[in-house]
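This report concerns only the one structure given below.
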Amino acid sequence: MVTGFTHFDAAGNAAMVDVSAKPVTDRSATARAQVAMRPETAAMIRQGTARKGDVLGVARIAGIMAAKRTAELIPLCHPLPISAVTLELTAGEHAVEIAATVRTTGQTGVEMEALTAASVAALTVYDMCKSVDRGMRIEAVRLVHKAGGKSGEFVQE
Amino acid sequence: MVTGFTHFDAAGNAAMVDVSAKPVTDRSATARAQVAMRPETAAMIRQGTARKGDVLGVARIAGIMAAKRTAELIPLCHPLPISAVTLELTAGEHAVEIAATVRTTGQTGVEMEALTAASVAALTVYDMCKSVDRGMRIEAVRLVHKAGGKSGEFVQE
Amino acid sequence: MVTGFTHFDAAGNAAMVDVSAKPVTDRSATARAQVAMRPETAAMIRQGTARKGDVLGVARIAGIMAAKRTAELIPLCHPLPISAVTLELTAGEHAVEIAATVRTTGQTGVEMEALTAASVAALTVYDMCKSVDRGMRIEAVRLVHKAGGKSGEFVQE
Amino acid sequence: MVTGFTHFDAAGNAAMVDVSAKPVTDRSATARAQVAMRPETAAMIRQGTARKGDVLGVARIAGIMAAKRTAELIPLCHPLPISAVTLELTAGEHAVEIAATVRTTGQTGVEMEALTAASVAALTVYDMCKSVDRGMRIEAVRLVHKAGGKSGEFVQE
Amino acid sequence: MVTGFTHFDAAGNAAMVDVSAKPVTDRSATARAQVAMRPETAAMIRQGTARKGDVLGVARIAGIMAAKRTAELIPLCHPLPISAVTLELTAGEHAVEIAATVRTTGQTGVEMEALTAASVAALTVYDMCKSVDRGMRIEAVRLVHKAGGKSGEFVQE
Amino acid sequence: MVTGFTHFDAAGNAAMVDVSAKPVTDRSATARAQVAMRPETAAMIRQGTARKGDVLGVARIAGIMAAKRTAELIPLCHPLPISAVTLELTAGEHAVEIAATVRTTGQTGVEMEALTAASVAALTVYDMCKSVDRGMRIEAVRLVHKAGGKSGEFVQE
């Protein structure tokens, strides 16, 4: 392989990697992201979640639904039978913190599903708050935990 | 409105805002993002793009296609007749830099389309490079320019 | 036309009706539905909505998102630039009542979008409550109001 | 759990239930629905099905295709490898009767797939006949049979 | 432009062409395709269409629905407000002949929608007949007519 | 069965065939297609692929992504856990040659996935080159190899 990346064949052409010989195992992945924002915006979100105008509730549903569509969005991702998705969203002083965990029993991992769920939840927070704060930034979208599969456990941060 | 957010009605329930009274105008939005990575990973991407194993080419297509599906992913987004999408991706020393620009002639803006295109392109870079660098992070997903519509021009950074 | 239905041509074959000669006008449609259930289930929903476990909030998002995908589900529906979607859901003594209103500025009406939004919201209520009440029934999915377009206003019930 | 519903965690947040520990078994579900209409409309459908203008044939395809997309529409549904879908549609004196049966070999049931297939078939009947009868109503969308899985057989009506 | 193709920018990168400055006009396109098959297979289709087992009716619906999803499948296609889709399918002695016509009022043409409708209808014929004839071939998928837009009328064959 | 086709029940109604009793086996399928074009167009593609304006690279991604969506497009296809997709595209003197191979471990074959991947890759080549050559034709879309499953190996041409 020219590049060292597994998503290209010997000629350098993109391909969906063949996972048919890999064992079916339980796998999970957790990704995190944050949406940095003005303190006033974060305060409005905290207030709304407690009573009315539940920004985080809408973003949670968007993230769960996006996890299921990862293979449609990411060209070389395998479709996987997702067995669980959970999203935690908390509004702090200056940011909304997001953690997405996805599980499967399959032949390849769910890192991309977790990262996609966290990203789309973050984009949804942006969408719902952009009328009051257009300068928000999505930061630190990363994999923090991964278990199952040949490469074993991965923990970051 | 309890919360100040436009995506909730007086009772605090989420709703797709009524844009039917807004004028149809030319609108554009540009969003940026970066994928921070190890220098070796960035070098592999630069090498591949020049010859074989075109990570950035695949990510560009993923971003363009994602822009068209924004309204399916973000719950309260309006479907819009997108008239142009361009993505620039460049691999630097420690990161891939992404800029996505979307245009429409419609009743509401395309910020979410540009942010979604940039995010999905970034996720695709992650997917294609994760076999060599699982610690990559997507950073600084933000709107940098917006034109058209009642709120006028927006420039950030 | 053999059948009297507009969705078939002279030979009896299904076709998407040509609306290109129809004027672009503001149109709206409201559909209603109800999910009949045991009083205990309805009580649990009312309790959850007020505090935690917001069944109606999730169903509202599902209905809004489904409205945008109507043309993918209903074979002969035209894709339309939807300009607003609102869903009201209320849990009564024996049922959840659903009303969905959709608006567009286009060449054909949004009845199917409103009916699809109400139906998918009802199905989501069923999904979220089926662990405690498998005998729920979705009843009375119907168009209650329609405005705009050549056929004028329609009011039912 | 505050609410008693399985789709919420201890904090009352919606989540896709973890089914990874459940055994893979053969499962099936049958749902029914009806579209109540004027006798003239029902007569037109019966006539069309026999010769030209096959309303029920189009609705059958729409229902089968919708079954496959259930997990995209219903936020907390698991994606499932559907192994069979059949729809029976019959036009009676005052209504079209619909029965949808779905099978899978998986970790959770296909009630929502059967209910979604029946609902979308009913909506398609509405769409194709609305030019002659806008007052049709979709009634009695319900689960009538379910087999496989821990909760055993369910029969209603 | 290096290549002469309009879908690449000056640097050779793929992009969705900007059509925002093009006038909104009525446009139509017709594409044709054929599915070559054994005479016995064609006879079975002709028999089924007349009575039971309507292969062409199912393929017609698949083609109409595919036309609406063209922009999801073809990376650089613009989403368009389709105003009509018709498909003609006829089973001859050795082949099924398919003609798909699509109309829009928009800023760019519907060639790809017509070609996609014809292709997916042809694939559906293959799917439904493959249990009796695996050697079928889809041939001569081509644009035969195009009207509207700056480039004027196009007629082939 | 009236027609001899497996996709219809005894009454002649379309249905998704029940595969739940079939064994889970490794399966693969390869389909081929070609896009016939003017020599000048083929030359432009060859030139672009080597340097800038990579028509074949974009078409490859489109074909891979389409393979994953086959069950959404072809009404009676089963959703399958695809484990690999590869596409080879080569620009010759008068045509682009396409070969698509898909693998799964499942209860039914992936012929339709391979044929859909080849067709959508061909349509994408058409889309990207239509500004210089509107008379291109997609020819000879056919299954050339199939392995796994009860019917054994199939080789054509």
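Chains: A, B, C, D, E and F, in written order; residue numbering restarts at 1 for each.
Note that in this section a contact is a pair of C-beta atoms (placed from the backbone, for glycine too) under 8 Å apart; a residue touches a chain by one contact, two chains touch by 3 or more.
Keep in mind the model is a prediction, meaning the values are calculated, not measured.
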Message: Taking contact as defined at the start, I'd like the list of chains shared as neighbours by chain E and chain F.
response: B, D
- request: Work out which chains are contact partners of both chain A and chain F.
  value: B, D
Chain at maximum distance from chain B, centres defined as averaged CA atoms: D
- request: Please identify which chain has its centre, taken as the mean of its CA atoms, farthest from the centre of chain F.
  value: C
Query: Do chain B and chain F face each other with the same patch, meaning over half of the contact numbers show up on both, or with different patches?
result: same
Task: Report the inter-chain centroid distance for chain A and chain C in whole angstrom, where each centroid is the mean of the CA atoms.
output: 30
Task: Compute the distance, rounded to whole Å, between the mean C-alpha positions of chain B and chain D.
output: 36
- prompt: If you average the CA atoms of chain C and of chain D, how far apart do the two points sit, in angstrom?
  reply: 15
Message: Quick check: what residues of chain A touch more than one other chain, meaning two or more?
response: 13-14, 54, 57-58, 61-62, 65, 69, 72, 75-76, 79, 81
Message: On the basis of the stated criterion, which chains touch which? Give every pair.
response: A-B, A-C, A-D, A-F, B-C, B-E, B-F, C-D, C-E, D-E, D-F, E-F
Query: Tell me, which parts of chain F touch chain E in their complex?
result: 1-8, 11-14, 33, 44, 47-48, 51-55, 58, 61-62, 65-66, 69, 72-77, 111-112, 115-116, 119-120, 122-124, 126-132, 134-143, 146, 154, 156
Statement: The chain F residues in contact with chain A across the complex are 26, 57, 60-61, 64-65, 67-69, 79, 81-88, 103-105
Task: Please give the residue numbers of chain B that touch chain F in the complex, ascending.
output: 54, 57-58, 61-62, 65
Field: Residues on chain F engaged by chain D in the complex (per definition of touch)
entry: 9, 13-20, 71-72, 75-76, 78-81, 106-107
